[in-house]
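Read through the structures below before going on.
Next come two complexes, and both contain chain A; in the first it sits with chain B, in the second with chain C.
This part shows the complex of A and B:
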């Protein structure tokens, strides 16, 4: 088995359909791209009152399911891809970090189990929605510190936001089963983010350049994981920013503010992209 | 109530533990270092394979078992300083070069259609050798002086037996044809020859003899 496993080789059974981030963002069924601005609801936040709440919630749960698979795969790869050492270069990691990654692999495996059962509960079949593989891509870096920044802090941070939104959805919708499970997963995700924050600080303690690079990578991933504005403080985003749980996970106030800014910027970029896409479509239609 | 000041035997009649054991401190530390190395190689392989297997149930079990063996490695890591080895990395070694060859052969399969080979290596060869070495150690070390090692062996063995059963169930559910039986058997034989040549996970004498 080779070290460093490419994203396009991820093994899946025949039910899964994998797509890229670009394909996902260009999906005409998404609210920002597909609907005229005047017809858009004032809030895109996932609430039971939305006419499309059921499908949106199922889609989000399927997204959680495939995200957990990729998080499991990423944690597992970090156990294998690097030698055990002091963590002072990009080809090795401390033994204790590998133990944390193995623990995370177990946690993510449970999350896959939970999200499969919740998907069944919500009436969804495996493969009913596409799988965006951007999450595993963040786990493909050859520098383990970048993986911690991209996966544990950015991706698992997003998971905190998503699970908080789903937990609230379960609460408002009167679904204690959903709320119960999301709360348990949320507890694990806070642990994973804290793990990433702690290791990032410890490994780069005497290497400010490496820390800077890792935090820049995290910022890029945060922006990507904002899914073009899917997650932000704005009501135009379906998923909110879970500030309190992020604090518990070790994010500083400044870091949370930075993520909020990046997320809003991503939302604005996405809206501009959607406006251009609509204009192009109108032009093409008019020309034909 | 019985008189609380009446002298009692220090060992109750049902407590048959004995002082003598086969292993001194040094030999115990050597074995524990070998166990830690082997558990590390196992959890790393299981973690690496998660992304390579298409079967969803297998993927989840590998992730779960990955942690079991990481936890065993951690327990052995903590035991080493208690055995006068203050630099645990010094004894975190393979028993011999043949065991390194075995691990290289074990981790060779990567393709998505090689799940049988991956599982055979772990659940029909490696884990049975953990079970035998751990059982031998548990049954032959001093039940009083080496009680901490015995406790770790017992905890690890619970996982080893459970994981072996999980793995065997997965294999039986994947092997459908005579050709697949042959594939599994051929890979098992190849790996078994290597680990026999190595003498087991702690080298010659892993389960006595030699």
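This part shows the complex of A and C:
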């Protein structure tokens, strides 16, 4: 079986349309900037009070669904891509880490099934929204420690924020299934983040340089996973930062503050990028 | 009836004004709309709101997300264009044909009232042969009326109805929401 599977070879049927983060970010349309401030909503946070709440929730649920597929694929690859060993170099990992990744793959498979059922409940078809493949890209690193930092700490950390937002949405809207399912999946994500944090510390205990590199990678992934401002403490972001659950997952206060800062920076960068993309689109149109 | 579209060329999305106009013409015929329709697309936002202004011409103001293919961002979806334009035109027709004189202005409708009216419009569009996902609209209705058997009964009644007045629509919707509030929760 092939090792180190590239993102463009992920197995999907014809229902899915995959897009990259670059394609997603190239969209000059945004609610964050624009000439008419009155047309912009006061808050972009996903709550049932939004007029488009149902459709936004359905879109986010589909994003969770494809994210779970990619998380399953990533955890599965980590079980297989590396030899079993002491974890003292980039080509091997301890057997117990593989067991944790196998357990995570099992959890993610269950989450995929739950997400499919929730999507049906909400009136969404499989593949109805574009699949952003950025999540699996973080699971393609050749260093397992970077995968733990990028996937378990950054990606699963984002999952904590997303599930918390969706759970609150279900609670306020009175949707018993959504709230219940998100709560159960949230509990698993807290465990996945903790597994990543524990293994990161253990494997790099005597290798501060490797730990530093992994944490830098995590910071980069955190910024990317902020989806250009989709997740931050600001009401301009649809998804908030779930500080309490992050604390339970083993993030220190300083780490949570760092993520909050990075996320806000990503939001500001997204606004600046959108403003530039708008200007470019107008220029290109005028020149044609 | 004539259908005009603005802008004629799009900068931010790959929409086709002529295609939108063709869909609009088919819908005006299908729905027996009695006056010209002007469609204004705001391509600067990915949101999907649709607003209608009534006069000698029906003006439909659409945010680009309403006509977009969610599988292929920035590309146009014929199905979404048809359904979202169709429900706007049906709402306009309801107001113009009578029976909806007591209905508040669009900007004064509550989220519950909007959900009920949308259900009424999309149910009729489904019977006219347009491709819709009933469960999507049921979920929207439940979000505004409560997740209960009583609200589901109200949804089914509205979805299957033709020729309702605003008073009848509002009565079914209110009963659905009150039933949920009384704790008639799903088992």
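Please note the rule applied: the second predicted complex is superposed on the first by the 272 of 288 C-alpha atoms of A that agree within 3 Å, B and C clash if a C-alpha of one lies under 4 Å from a C-alpha of the other, contacts with A are read in each partner's own complex, and residues count from 1 in each chain.
What we mean here is this: a residue touches a chain if its C-beta (ideal position, glycine included) is under 8 Å from a C-beta of that chain, and two chains touch if they have at least 3 such contacts.
Just so we're clear, the structure is a prediction, and the values are computed from it rather than from any experiment.
Student: Could you check whether chain B and chain C clash or fit when both are placed on chain A?
Tutor: Taken together on chain A, chain C would fit alongside chain B, as the superposition shows.
Student: Looking at the overlay, does A:181 come into contact with chain B only (first), chain C only (second), both, or neither?
Tutor: neither
Student: Is A:58 contacted by the first partner chain B, the second partner chain C, both or neither?
Tutor: Only chain C is touched by A:58; chain B is not.
Student: Which of the two partners, first being chain B and second being chain C, lies in contact with A:151: first, second, both, or neither?
Tutor: In the superposed model, A:151 contacts neither chain B nor chain C.
Student: Kindly classify A:122 by the partners it touches after superposition: chain B alone (first), chain C alone (second), both, or neither?
Tutor: Only chain C; A:122 stays clear of chain B.
Student: For A:130, decide between first (touching chain B), second (touching chain C), both and neither.
Tutor: second
Student: So, does A:224 touch the first partner chain B, the second partner chain C, both, or neither?
Tutor: A:224 contacts neither chain B nor chain C.
Student: Is A:19 contacted by the first partner chain B, the second partner chain C, both or neither?
Tutor: In the superposition, A:19 contacts chain C only.
Student: After overlaying the two complexes, what is the shortest C-alpha distance between chain B and chain C, in Å?
Tutor: 18
Student: Which parts of chain A are in contact with chain B and also with chain C?
Tutor: Comparing the two interfaces on chain A, one with chain B and one with chain C, no residues are shared.
Student: Give the list of chain B residues in touch with chain A in this complex.
Tutor: 40, 43-56, 59-64, 66-71, 73-74, 77, 107-110, 112
Student: What does chain A use to touch chain C in their complex?
Tutor: 17, 19, 23-24, 27-31, 34-35, 39, 48-49, 51-55, 58-59, 120-125, 127-130, 173-176, 278, 281-282, 284-285
Student: Spell out the residues on chain A that touch chain B in their complex, using ranges where they run on.
Tutor: Where chain A meets chain B, its residues are 1-2, 5, 9-13, 69, 72-73, 75-81, 84, 95, 98-99, 101-103, 105-106, 108-110, 112-113, 116, 126, 136.
Student: Contact residues on chain C for chain A in the complex?
Tutor: Listed in rising order, the residues of chain C that touch chain A are 9, 11-13, 42-49, 64, 70-74, 111, 114, 133-140, 142-143, 146-147, 180, 185-186.
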